[in-house]
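Below: one structure, written as structure tokens.
Just so it is clear, A, B, C and D label the chains in written order, and each chain counts residues from 1 on its own.
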Amino acid sequence: MREVAVVAFAQSKSLRRELDRNEVEILIPVIGELREKSGLATGEIDFICSGSSDYLAGQSFAFVSGLDAVGAWPPVSESHVEMDGAWALYEAWVKIQMGYADVAMVYGFGKPSMGDLPETLALQLDPYVLTPLWPDAISIAALQARLCIEKGVTSERQMAEVAARDRKNALGNPYAQVKGEFEIAKLLAEPYLASPLRKHDCSPISDGASAILIASEKRAKQLAKRPAWIRGFTHICEPQDLGVRDLTRSRSTEIAAERAGVRKGKVDVAEIYGPFTHQEILIEKALGLGASTKVNPSGGALAGNPMMAAGLTRIGEAARRIWDGSADRAVAHATSGPCLQQNLVCVLEGN
Amino acid sequence: MPPPTERALTAPHTLQYTYKRSLGKVLSAFFTGLRDKKILGVRRKDGSVLVPPKEYDPDTAESLSEMVEVGPGGVVRSWTWVARPREKQPLQHPFAYALILLDGAATPLLHAVDAGSEAKMKTGMRVRARWAPQTEGAIRDIACFEPEEKK
Amino acid sequence: MSEPVEILKTPVKLDYTYSAGQSASRFLRAMAEGKLIGQRCPVDGRVYFPTRGSCPQHGALMRPEPVELSDRGTVVTFSINRVPSENIKLDLPYAPVQVLLDGADTILMHVLGECPIDQVHMGMRVQAVWKPKSEWTTSIGNIKYFKPSGEPDAPFDSYKEHI
Amino acid sequence: MAELCGIVGIGQTRHQAARKDVSMAGLIREAAERALADAELTWKDIDAVVIGKAPDMFEGVMMPELFLHDAIGGAYKPMLRVHTAGSVGGSTGIVAASLVQAGIHDRVLTVAFEKQSESNAMWALSISLPFSVAVVAGAGGFFAPLVRGYMRRSGAPEDTGIRVALKDRKNALKNPNAHLQIPDIDFDKIASSPMLWDPIRYLETCPSSDGACAMVMAKQALAEKAPRKPAWVHASEMRSEPTMFSGRDAVIPRATLDNAKNLYKKAGIRNPRKEIDCAEIYVPFSWFEPMWMEGMLIAEKNEGWKMTYEGATAMDGDFPVNMSGGVLSSNPIGASGLLRFAEAAMQVRGQAGEHQVDGARKALGHAYGGGSQYFSTWIVGSDKP
């Protein structure tokens, strides 16, 4: 395997409703910042990959206009996944591994506020037997949460603690959307949104974008003082059918964590993409994190969840902790699909 | 980049289409069953019955074809309460979405339960399919499930 | 027993709030006043109309100053459409044209009117025919269509780089 | 490159306007099972799956690979979903090959599909947005002005497009999987078919199809042991440019030229016309054959039409193109690019049956999409690179 590192990261603020800018106008400053930080021109980037969703945008080929933000001239080697940007990063990493590229740029963007996100996500389900019932994404997650609680995997209190922890952490994150100090007792006194989930258990709906630059060893050392080396990178997808999966654990994350070698060393920081509090707890368990790991210093998805970028942002936030020396080893996680169907694990190291 | 200086123009935009889905043998049997007020699963290699059925085993991708009738009663495995139903959802008054393990099935089916109030919902409770007045071969031929009368 | 169920109809209707974004909103508001407003690329100074806020070639935000354009131009290329479509409310056949407006450096996709279909050609000079002012909205549709202006054809070299 | 990639299994469905006999899962399984059978492998032998298709609005499912991947043995494996507009099938093949070439996986299954009969392709491709006025319908409306631009620039005879269509439609008669099979096809039939988007006639356009294509790719050590001769991936390349900018050449965009140059360089090809034995090129409207002959640097500028005119691109010509009948004969959009890539591989494996080019040892697979702005291509060979 070639040594590849995350060398630059930029993101927009997560906003509940970015009505005044279209996707390109959100992306341009993010990609501009990435260029500025790295000092690279488009021509010095060997491969570009993006992640976005046509259904979030409400139009076919929505990613095509995203290319307008790149300045793809002269023409670029470029690809797109209909997935979170974290998987676009995976594709770019593969291109470096095979020797096709040395420097790659990746971006993800989404404006879920344009539609009714929990309802739009019902279109991800089996179109024959589930979508016609239009179960919204919050209800689907709530079915999983109850299973977890009744099996004793977690509790409403523990879930509230996760929400409070993440949103307190987010106080230090200028890009976060939901932040503050919350009392557990007060959170637990709130009514259910979809029992057993309360509002604080759910990530917000966020518009936003993020972008990352990765590079092979030689270039990485030129581009960053302390590159965040990718030492494990894998992803696994489970069958979607809720009935055939054990929803009280994340088996796909367990497999991915094993293959990525998460437990081969101490994990200082973990950035987890948990769209719901109980899911963040399931991922923590699946990654096998201990008390010494600081989880979601950025606040995680519970503080800001720009769909299609939020997973990529986790990797950027983890890399930031390597760059500034606050972590020597970090784990980033991304998810997609109902009830943590598909999960990606990326291990980053400073040495 | 400076923050937006003026309000952008916005307008409603609707994506609307009625998809026509061909089904293949297993799903065709399932929906034909619903039209005839029967719930069918499909037998997996280990003998267990997958509900709703698929033409393949989700774990191994092996082809499946032997249809088996299940239900119409079953047990709630998990549930959540929908206090304010959305327009497209199966019931327009408060209801529960639930994972329901039908009698004879190894995997639960997701559907709506018309329980009247959240207090009446309980994991482990027995429910039974309530059929729509008109059945046409769709998942909503089951209007919803309802608590089974205690005997 | 009746026939087996072989087709499942599943209606999908999703409602969105679409945003035109900053730059396009400026151009659309000008349209409502009967003005054609383009913007310059900060890198090469070329005038884009309609503008979507950025120069796609350079990935840069357009210069903010508006550039007002003429409503006359040249047909760069065209086709003749004989296919009905739910999305288009025009009588068939009609000619979609790519118009290079005078003063602009990009083409505008629109349709041609007041011209027999067999006389449409590349290089044809055209001018906009506007809807009555009372019907103007924030839409490029304020221009009903382009019609031949009667000027002599533009030479091929003057527009060939825009095909 | 860490590893060589060999294509050891290829499968495709029978393409037709509406495959009413199968579900979406059934459609992709049909292609995948055939690819596995060709490779004499089972679902268990696959390490990862890569799925490609065009916009989700075609089938009305958001990211349908999430509910579908287990139908092709993807449970608890890595899964990627590619979407790069019309070139997506090609890009999907490239991503799958990359996973092997990078040394990450031993065997990868890739499937690209479209089930266009679930909706209406014209609708899905031309969804009107607020503030805009739709002036063209479907892809034909978009590409017709470019075709006119090409005719003007090159001075190509007006019947060039008819000749391409005639050749591809005759080739399709030799391909049992092709959607459009018109046994009594002749020049006059095409010439007299209705003009849809002038200058594009009805029989010069692609159909709307349901279909899927699958390939199994393996690393060198495994490909060498495959029951049938593998096709080796010699090189692949992708290029994209913006849809529109001032002065953009949308007829023969720079992205295709750059793509071609880099592809040949990586494949060690100096004279593509001589060194490549045959090609499957993405030609949804007949005129794009001469355009892409130039765009792929196989013909000189403004002379692509001569290849068609002189019969060079016919089955018995010196550079056969679209032996399968091409996109003009089958067009499940998401799969169309992968079908081009797969047909190229079938040629160098000698498994193209009636439409086999004798002795083909090196072939080009090509796809493009968007507003002629996304290009993905590969070169495959009977011999290792």
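The definition used in the following text is that contacts are C-beta pairs under 8 Å (C-beta built on N, C-alpha and C of every residue); 3 or more make two chains touch, one makes a residue touch a chain.
Treat the numbers as computed from the prediction; the structure is a model and nothing was measured.
Student: What chain lies farthest away from subunit A once each centre is taken as the mean of the Cα atoms?
Tutor: When every chain centre is compared against subunit A, the largest gap points to C.
Student: Roughly how far is subunit B from subunit C, centre to centre by C-alpha average, rounded to an integer in Å?
Tutor: Averaging C-alpha atoms per chain gives centres 46 Å apart.
Student: With chain centres defined as C-alpha means, what is the inter-centre distance between subunit A and subunit D in Å?
Tutor: Averaging C-alpha atoms per chain gives centres 33 Å apart.
Student: When the centre of a chain is set as the mean of its C-alpha atoms, what distance in Å lies between subunit A and subunit C?
Tutor: Here the centre of subunit C sits 38 Å away from the centre of subunit A.
Student: Can you compute the centre-to-centre distance for subunit A and subunit B, using the mean CA position of each chain? Integer Å is fine.
Tutor: Computed from C-alpha means, the inter-chain centre distance equals 29 Å.
Student: By the touch rule stated above, which residues of subunit C touch at least two different other chains?
Tutor: Counting only residues that touch two or more other chains, subunit C contributes 6-8, 10, 12, 14-22, 24, 28, 55-57, 61, 138.
Student: Please output the residue numbers of subunit A that touch at least 2 other chains, ranges allowed.
Tutor: Correct list: 19-22, 25, 28, 32, 55, 58, 65, 67-68, 72-73, 114, 119-120, 123, 126-128, 131-132, 239-241.
Student: Mind pulling the subunit D residues that touch 2 or more other chains?
Tutor: Correct list: 20, 23-24, 57, 59-60, 70, 74-76, 123-124, 127, 129-131, 242-243, 245.
Student: Have a look at which chains touch which and call the overall pattern line, ring, star, complete or other.
Tutor: Its topology is that of a complete graph.
Student: Touching subunit D in the complex: which residues of subunit C?
Tutor: Answer in residue numbers: 6-7, 10, 12, 18, 20, 24, 28, 41, 44, 46-48, 55-57, 77-88, 93, 96, 98, 105-107, 109-111, 122, 138-141, 156, 160-163.
Student: Spell out the residues on subunit D that touch subunit A in their complex, using ranges where they run on.
Tutor: Counting only subunit D, the residues touching subunit A are 1-3, 23-24, 54-57, 59-67, 69-70, 74-85, 91, 94-95, 98-99, 101-104, 124-125, 127, 129, 237-243, 245, 253-255, 258-259, 370-371, 373-374.
Student: Taking the touch rule as given, give the residues of subunit A at its contact with subunit D in the complex, in rising order.
Tutor: Interface residues on the subunit A side: 1, 48, 53-55, 59-61, 63-65, 67-68, 72-83, 87, 90-91, 94-95, 97-100, 120-121, 123-128, 131, 234-241, 251-252, 255, 336-338, 341-342.
Student: Quick check: in the complex, which residue numbers of subunit D touch subunit C?
Tutor: 20, 60, 122-123, 126-138, 140-141, 144-149, 152-153, 194-200, 242-251
Student: Quick one: in the complex, what on subunit A touches subunit B?
Tutor: Result: residues 19-22, 25, 28-29, 32, 58, 114, 119, 126-130, 132-136, 139-140, 142-147, 150, 192, 194-197, 239-244 of subunit A touch subunit B.
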